[in-house]
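Chain lettering (A, B and C) follows the sequence in which the chains are written, and residue indices restart at 1 in each chain.
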Amino acid sequence: MALVLGLASCGGQDDNSGESGNPITIGVLGPISGAFADAGLNYRQGAQIAADQINARGGVLGRQLKVEAKDTAAGPQEASQAVRDFVSSGTNFLIGELSSANCLADAPLVDQLDAVFITGICSVEELTGQAGQAAPYSRTFRAGATSSANIVAMADAIGRRFPQVTTYDSFAFDYVTGHLQWDQYVQAYADNGKPITVGKDLWVPMDQQNYGSQISVLATASTEGEHKGLYIGTYGAGTASFLQQAEPYDFLKNYEVVVTPGGYYPVARDLNGSAPLVWNGYEYNWAAYDTPENDAFVADFEALAGKKPITWSYVSYVAVLAYAAAIEKAGSDSPADVAAALAGIAFASPQGEYLIDAVTHNGSANIVLMETEGDPNDPERVRMLETIVIPYTDTVTFNF
Amino acid sequence: MNQLLSAVINGVATGVPLFLVASGFTLIYGVMGVLNFAHGAFFMFGAYCFAVMLAGQALSLPLFLLYALGAAAVIAVLGVLSERLVFARLYNSGHMINLLAAYALMLMLIGLSILIFGTTTYHVPRPSPFRGAVHIGTVPVPAYNLFVIAAGLVVAAGLWFLLNKSGLGMKIRAVAHDRTTARALGVRAPLVGMGVFALGCALAGLAGALDSPMISVAQGMDATFAIQFFVVVIIGGLGSTWGALFASLLVGLMESLLVYYAPAWSQYGMYILVVFVLLLRPQGLFVRGPAITHS
Amino acid sequence: MTARPVAPEVPVLETRAVSKSYYGAPAVIDLSVTVLRGETLAIIGPNGAGKSTYFGLIAGEHATGGGGSILFNGVDITHWSAHRRAQAGMSRTFQVARLFTSRRVIECLQIAAAAKRNGHRSCLRDFRRFATGDQDHIERIMAGLGLAGLEDVRAGNLAQGDRKRLELAMAMVQRPALLLLDEPTAGMSTEDCLLTVDTLKGIQRADPDLTIVMTGHDMDVLFAVARRIVLMAEGRQVMDGTPEEVGSSQIARKVYLGDEHV
């Protein structure tokens, strides 16, 4: 662990304030170890790409950008400590975090310590203002989608694409967000006037990897041709385990549609060509945008990481772009000025112009719906069959 | 009835890798008095090595077994290195120091695994004869699960034979009973200790390899296992291989059956069992005498 | 090592000028003793004379300090570990009998027999197979030491006298060339002591080539069994003779009782 931290935060301490010529450091919070270490890695890489591109253009206010990361895998305690450590070493511009619990610990602390925090993945609503209400934390911003926006957009699009699917089985992580998202998904169908019935809903603890019993229940609960859908409410290694353990039963074909909220591309990539066909809704895939900015991002990311970027990489990239734009706009690197500049900022991004709402602190994150399956012949072993971008402006109407 | 059979087979299939890991752990404790906190990390390393060796291909059964034993051998070497560099110096330093050393070793191994294997999830395909499901009556059962059960039984039998019927096993048991007496009788206790550590780690590595097609081989997999095999050794008793087998199957079955019959209890059932055992028979179900004595 | 025949004139045990100090305080100073095959030697001396330390040096419990060497059948074993010496043919007993308390008597003896038999090359030989080969040997030793009939008793449940006898049996089962006995009658009743004397004499008769080195405080027992006594005082060897010579000497009285009483 010490080795990894040493490598990840190599580069020493830096003073963010004061003379030009000193680099400005962006602090990345996220899991570097543990089951979601891949998220932390992608955060750092996405941020690094942004920093490199900006530095190549002369930096921000004539100063170079640096990226440093700290491990927050252990939970809110470790996250709070990481925030303190960053701020005490002069790094006041923070991004990242995966777990909502960590974000909820970081946000008030960031306000207290005169820093700024942009998160892209933490989905809990209370971090920013909802339905036009003012943001609860003056220094926390969301350059990403809320969970409800994601779920509701998915339900809407899938419902329209597969109108005959009116029954769903579900297999999900047994935690607050897991239940919330499933309830939102079901509710969204009801709100659209096309309620779905729940067949089997199975819940598994987050730290357990053995789903044999649940899978055999599911395998015998469905038969082909029933117009049923399957909702997979796990993510990352959990989804990978589920699919691996489900493979011998070969029952996914019994479902007309299989959906999962959150990222599926990295899971499919790891399944080495055998990934089943799944619809997922998240904030990005590399083929979603046909813009020069996206081309540059994807090319640079692939050069650095050897793989295509995913949502985790993208939101970090956008967050650093946001900081760069805000610092330039504010003309200073004082956190208070930068935070004021972030509210209402507009800047260029791979998806076009990106806006952060001045009142709610929410970013104009699109929802990207993807139909993906494994392909042994593809260099990344994944084939994207269809990509649907649901623009932010449409998702806003879904919010209550 | 269908679901019961499926749950039972699943439970036993889960219990087997657990047994392999727990038996290595309990053997190491029994012979050397060391609580190898890092044991889950050896399990993870075994799975990672195996995944890298396979590189995503589905192998024939003989090759699959060969690679699995190869992974176990690599982990055995890793175990010997750990024993020589860490534990050999600490035999007389008491439980606390050994525990801390094992914990430190675990952290180092985890960090090393991130450096060597990265943060992605590795996918290990099942060997080609066992990719689908077998039907027992109308109940589909993954063929690979049955294979794992069979493999586990073979290993258990081999271990029993080694410990009870061979000269080496006799020496191992002598050192486990009383290290000083064994030394006075001419048994090379340090060598036996090293050999046992290697064997224990090899078992963990083998468990990792066999288990890898069924779970995600990724960071954090050592943690998911760690709690379970600690539970197993508490219930079965430290130092007892039979205890490890019985308790592993019990834990696997219980989890499996609870998930089917009482899902709300599935995560707690294990701990309730632990509480009962600690209250009624704290040394574990298969160990005679007081809890935790070691000369 | 015991397989190689050794010429009778080569001493079984030889200590050459061995010394040992603890934190600067000398416990054994410059002790040179030669023991020939078949001898039974007892090392005696008052408390603090250094006999336990000296015994420990021979057995491999402690390392010698500075200079001095120990030879076993002509081979320098000064730096050998205890288990290596045991493998080479030196079996020992302890003041408090060391047994496998959770195993049965017969199992303790089987383990003792097999431990010696196995080199690391024969790792996987069937334990039961060679245990039966030794079965006669074990039974004879059990009979000789009064343990017949106790095969299935748990070693931890034995009476004190039987425990010491079992420990002695475990050492004998290994067919040692040199038997080291540390306080062979410690904690025994008078009756048991007499029995032990008879037992040891029986062993001497049965195996005249066996060399025995003993240490302890029970003069009656040691003098009855040993044919040679080495008297130690303040870390040095003070006298070396037959039990009669040492028993009647002025030096011995002085060492034990102090100057005034001579």
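Just so it is clear, a residue touches a chain if its C-beta (ideal position, glycine included) is under 8 Å from a C-beta of that chain, and two chains touch if they have at least 3 such contacts.
Quantities reported herein were computed from a predicted structural model and do not represent experimental measurements.
Of all chain pairs, the one joined by the greatest number of contacting C-beta pairs is A-B. The chain with its CA mean position farthest from that of subunit B is C. Mean C-alpha positions place subunit A and subunit C at a centre distance of 75 Å.
Centroids of subunit B and subunit C (each the mean of its C-alpha atoms) stand 43 Å apart.
As a whole-number value, the distance joining the C-alpha centres of subunit A and subunit B reads 36 Å. Those residues of subunit C lying in contact with subunit B across their complex are 81-84, 86-87, 91-92, 94, 98-103, 110-112, 114-118, 120, 122-128, 130, 170, 174. Only residues 2-3, 6-7, 10-11, 13-14, 56, 107-108, 110-112, 114-115, 118-123, 125-126, 130-133, 139-145, 213-216, 218-221, 223-224, 255-256, 259-260, 263, 266-267 of subunit B touch subunit A when the two sit together in their complex.
Put simply, subunit B touches subunit C in their complex at residues 162, 164-171, 173-174, 177-178, 180-189, 191, 288-289.
On the subunit A side of its complex with subunit B, the touching residues are 1-4, 7, 32-38, 40-41, 202-203, 205, 207-210, 212-214, 216-217, 219-220, 236-238, 240-241, 244-245, 247-250, 266-267, 269-274.
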